[in-house]
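Two complexes come next, and they have one chain in common, chain A, joined by chain B in the first and chain C in the second.
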Partner chain A sequence: MLQVTSKDVNGWNTVIKAASALLEEIALEFHPDKITMRNMDPSHIAMLNLEWLAQSFDGYVCDGEYIITLRLEDLANVVKRASKGDTMEISLGEGNSVVIKVRNGYQREFTLHSLESSHTAVPLPKVNFAAKVVITLKGFRDAIADIATVSDQIVIKGESGSLTLSGSSEYGNVKVTMTTSTSELKEIDIADSSTASYSVEYLEKFIRSLSTSTDTLSIQFGNRLPVKVEAPIDQKGSKLEYYLAPRVE
Partner chain B sequence: METVYGTTSPFIYLPLRYNALLSMGPSITSDPGLFGDPNKWLNISASDLLRLRLSSVTSLKPVNPERSILDSDVRKLREVALSQKYVDIEVNMTKSQRKIFRDQFSGTISVKGRLERVLNYSGTEFSRPIEKVFSDGSLRAADAVKYLFESDVNVYKIQQLLSVGSLGINRKLVATRWSITAVDSMLSSSMLREITQYGIISSYMVGKSYIMGNRFAVVVEPECYSFEMLESWAPYNGSENLIQVLARDNEGYFGRKDYADEVEGAYYAARFSAVKFLENIRKQASIIVLMEVDRNWIPSLGVWRVREGVKAAFENIQKQDDKTHAYNEAFKFMKTRKESWVISSSKFRQIKIDEFLR
Partner chain C sequence: MGVDLSPIIGDIKRSITLDALNEKKLAIDGYNALYQFITIIRGEDGSPLMDSNGLITSHISGLFYRTLNFLEKGIKPVYVFDGKPPELKAHEISTRRTARNDAIKMYEDAKAQGNQELMKRYSVRAATLKSYMVDDAKRLLGLMGVPWLQAPGEGEAEAAHLTAKGYTWGSVSQDYDSLLFGSPRLLRNITISGKRKLPGKNFYINVSPEMIQIEEMLGNLEINREQLVDLAIIIGTDFNEGIKGIGPKTALKLIKQFGRLENSSDLSSAIPEDLVKQVRNIFLKPDVVDAENLEWKSPDAEGLISFLCGEKSFSEERVKNAIGRLKKRPASGALDEWFT
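Let's turn to the complex of A and B:
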């Protein structure tokens, strides 16, 4: 049996938006204690890893392991129909279907057909990050937007006590520096000075998908290593992790 | 003022003026069969093509893209443009000093004077698909373009129809250069919706072509769809021995929403031919187009040269053993240094996440 109930659809919106930036289908794995999802984008440049704990839901009943694969567009269209204050419940329907009930006074019931999944389990990147920072979503979002004005590549550099985000092209240079005294930079832990470059487009798409209610992000990186951006979905430990492979300078 | 009588392929030219205003008028030519069909231009030299374009008699009158659409002369010219056969046309024009419009998108046109009035035209013949989209005011422009393409109307005719405001719901005149890019973009986007559902091609491939001072190499990789185009002018300006950053635009699996501002219209023309290749074989792949301009290049022949050059490269495509062979084959064909292509490419510099899963 599977029955997952949320009184707030913000979490669903965040997960759908983040996944839509990378994928066309979403393969949600329902476990007795959590929902997970791990997918690479079609070009194998980024990976999204979801860990959505049972305690984040208002009701969570799952007596086994279920994988539901849905077209993201279909799921997004249904979730869009839920307004603030509506309760959303997901359960298994007949055959290969998923039933989504939206309640607020009266009940609306949507049935979506689960796709035959081509999804195969992938491991998480095995990386020893040399640098970790905790930064406000607004601070990181603004820095990326600044860099996007001149470049499609962002260079993230971590040194003792400072984080530098920069970009350059024939049009010019942008450099954003944050130190421990900057309010946007909440924590910084640099084991070794580290520099790596990443696609602005990919980072921007993920950051834009996050709800503005997200307070801070944890960002880990290292020389020529992927960047891992960890964003909380709520205050109960559920999170989205985004891995983005580096670019060579 | 004098009366000019002649034949148009038909080609109605709409160059940009200023403040989003346009000019509009017919090109009368002695060789309408050749003038109106860029597919045949590959068989002649660049200088012969330029001579053909410059020998035409084009007269223009100022038009407003929206307000002029029902003006008497504009209505006549729009009907002439719909014809699938050459049209005999008689116009009154005031001759002026010859003005040459050099447009990198739509090509070089020689304008001989101001169009005063379209007097007569005869010989128009309309194909059923063109009549259908013209008479259907509820059909969106993108759907009309797709329908015409699927009805085997050639892409150059579709560009002309969009330009003279014969497609879509809110019809207006569109500059020739913008209609070319718009049609390339609409058709590619439409085909890509299908292509991204196809299986991935099984091997590396490389195709090459050389057309009128432009050298093309296309590299096809067995991955999900992505497209990148790099443009080098090194052999044109004698800097082929330098390592330099080249113009580049690219897109991933989900396509692009913003304008390709480095390679511009050539990007959309090349992507159209690349996507058409994938549609023909019903597979998806990652494609890189390398384009190089050398000293045989004559400016402003139009982006048809890119569309046809890339198409020709795909017609000569050959399988390769692996990625290294494929790129070596492509770089060897080019005069520009390999390092310039590599440092300028987004795809070359992007590492895959798979490398960190081991």
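Let's turn to the complex of A and C:
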């Protein structure tokens, strides 16, 4: 049996938006204690890794292991129909279908057909990150928007006590510097001075998918290593991780 | 022109973005791409871009900026140019030549009347790919550090072969013939994606890249590749005329019913047995070569400026900017490197 209930669809919106930027289908794995999802985009540049704990839901009953693959567009269209204050319940229907019930006084019931999954399990990248920063979502989002004005790649540089985000092109240069005394930079832990560059477009799409209620992000990187951005989905320990391969020079 | 299989392709076309092709090697049908550039890259009155000597440069402009775009996305293109066409294509080539000559006459009439809309329409139909344009393209690719191959026969067959043998990940062409030649993965609208004006109409459609995988297509149609070739022979290819009145959907039904063309007396009497054999051979046993050493090199900046600006009247500022992008061309790697 599977029955997952949320009184707030914000979490679903975040997961769907983040996945839609990379994928056309989403393979959600339901376990007795959590929902997980690990998918890479077709070019293998970026990966999403979701860990959505049972305690984050208002009701969570799952007596086994279930994988449900849905077309993201279909799921997004249904979730869009839920408004603030609606309760959303996901359960298994007949055959390969998923039933989504949206309640607020009266009940609306949507049935989506689960796809035959082409999804194969992928491992997490094994990376020894040399730098970790905790930064506010607003601070990181603004820095990316600043850099996007001139460049399609962002250079992240971490040195003792300071984080520099920069971009340059034939149109100009942008440099955003934060130190431990900057209110946007909450923590900085640099084992080795590190610099790497990443696609602004990919990072921007992920950051845009996060709910504005997200307070801070943890960002890990290193010289020519992928970047890992960890965003909490709520205050109960559930998180969405995003890995992005570095640009190659 | 190729065989129009669109009515039976159905919903197995997958949309794909250029970003998703990062790090992928693609075999591009060079003639097909150049022909698109010379028909699409034109001024308001339909005239193509030209250098100071009056020689057409639309093909160079399209090839330069589109290839640059591919490289920036991390795509590794290899262009494949046609060699000697099969003898059976002579009729198709002659038909195309006649149509072009007619279009040239109509263009001249429209020009005499000052009718810009008709001038544009007929100039596109009159577009011809000349040998100097192919030479220009090869020279430009060399200067950009992009490999190209001279196919012994049909370029599309060679591109399909490179993909089937794993030298490249996909074949790029607008024609469905790539599937008949056995390409496992055909990519369309790659060289011309974006907004495109419908011919003869005053509105634009959005053309976006799409992918067709032959295994999925054949599974969906419930036929094999040999049967797909027979189906093409029935409706007509660049190498045979086909049977009048039979379109792809009917041909599919007939092939599923009879298995092979010669199992139906009506079909086999409509197309000579020898012709069927020859066309099957063109698609199933094409004249192709392997490509062991495909290399993508650094661009020759001075050579590009001399060729594009010195010989072909391109703006030096724009070319220098483009070369800057070409030299940078940083693309994202793939995460796979960190799985081991």
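Here is the rule we use: the second predicted complex is superposed on the first by the 248 of 249 C-alpha atoms of A that agree within 3 Å, B and C clash if a C-alpha of one lies under 4 Å from a C-alpha of the other, contacts with A are read in each partner's own complex, and residues count from 1 in each chain.
Here is the rule we go by: contacts are C-beta pairs under 8 Å (C-beta built on N, C-alpha and C of every residue); 3 or more make two chains touch, one makes a residue touch a chain.
Predicted model only: the values in this text are computed from it and were never measured.
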Fit or clash - chain C, chain B, common chain A: clash
Which of chain B and chain C A:M40 touches, first, second, both or neither: both
Which of chain B and chain C A:G105 touches, first, second, both or neither: neither
First, second, both or neither for A:P226, with chain B first and chain C second: both
Which of chain B and chain C A:V248 touches, first, second, both or neither: both
Partner chain(s) touched by A:G95 [first = chain B, second = chain C, both, neither]: neither
Which of chain B and chain C A:G64 touches, first, second, both or neither: neither
Which superposed partner A:P123 touches (first chain B, second chain C, both, neither): both
Chain C region in steric overlap with chain B, selected from 26-34, 260-268 or 278-286: 26-34
Contact residues common to both interfaces of chain A (with chain B and with chain C): 40-47, 122-123, 125-127, 170, 199, 201, 225-226, 243-249
Footprint of chain B on chain A - complex, ascending: 24, 40-47, 122-127, 152, 170, 199, 201, 224-226, 243-249
Of all residues in chain B, those that touch chain A in their complex: 196, 223-226, 245, 252-253, 286, 346, 348-358
Touching residues (chain side chain A, partner chain C) in the complex: 40-47, 122-123, 125-127, 153, 170, 197-199, 201-202, 225-226, 243-249
Touching residues (chain side chain C, partner chain A) in the complex: 16, 19-24, 74, 321, 324, 330-340
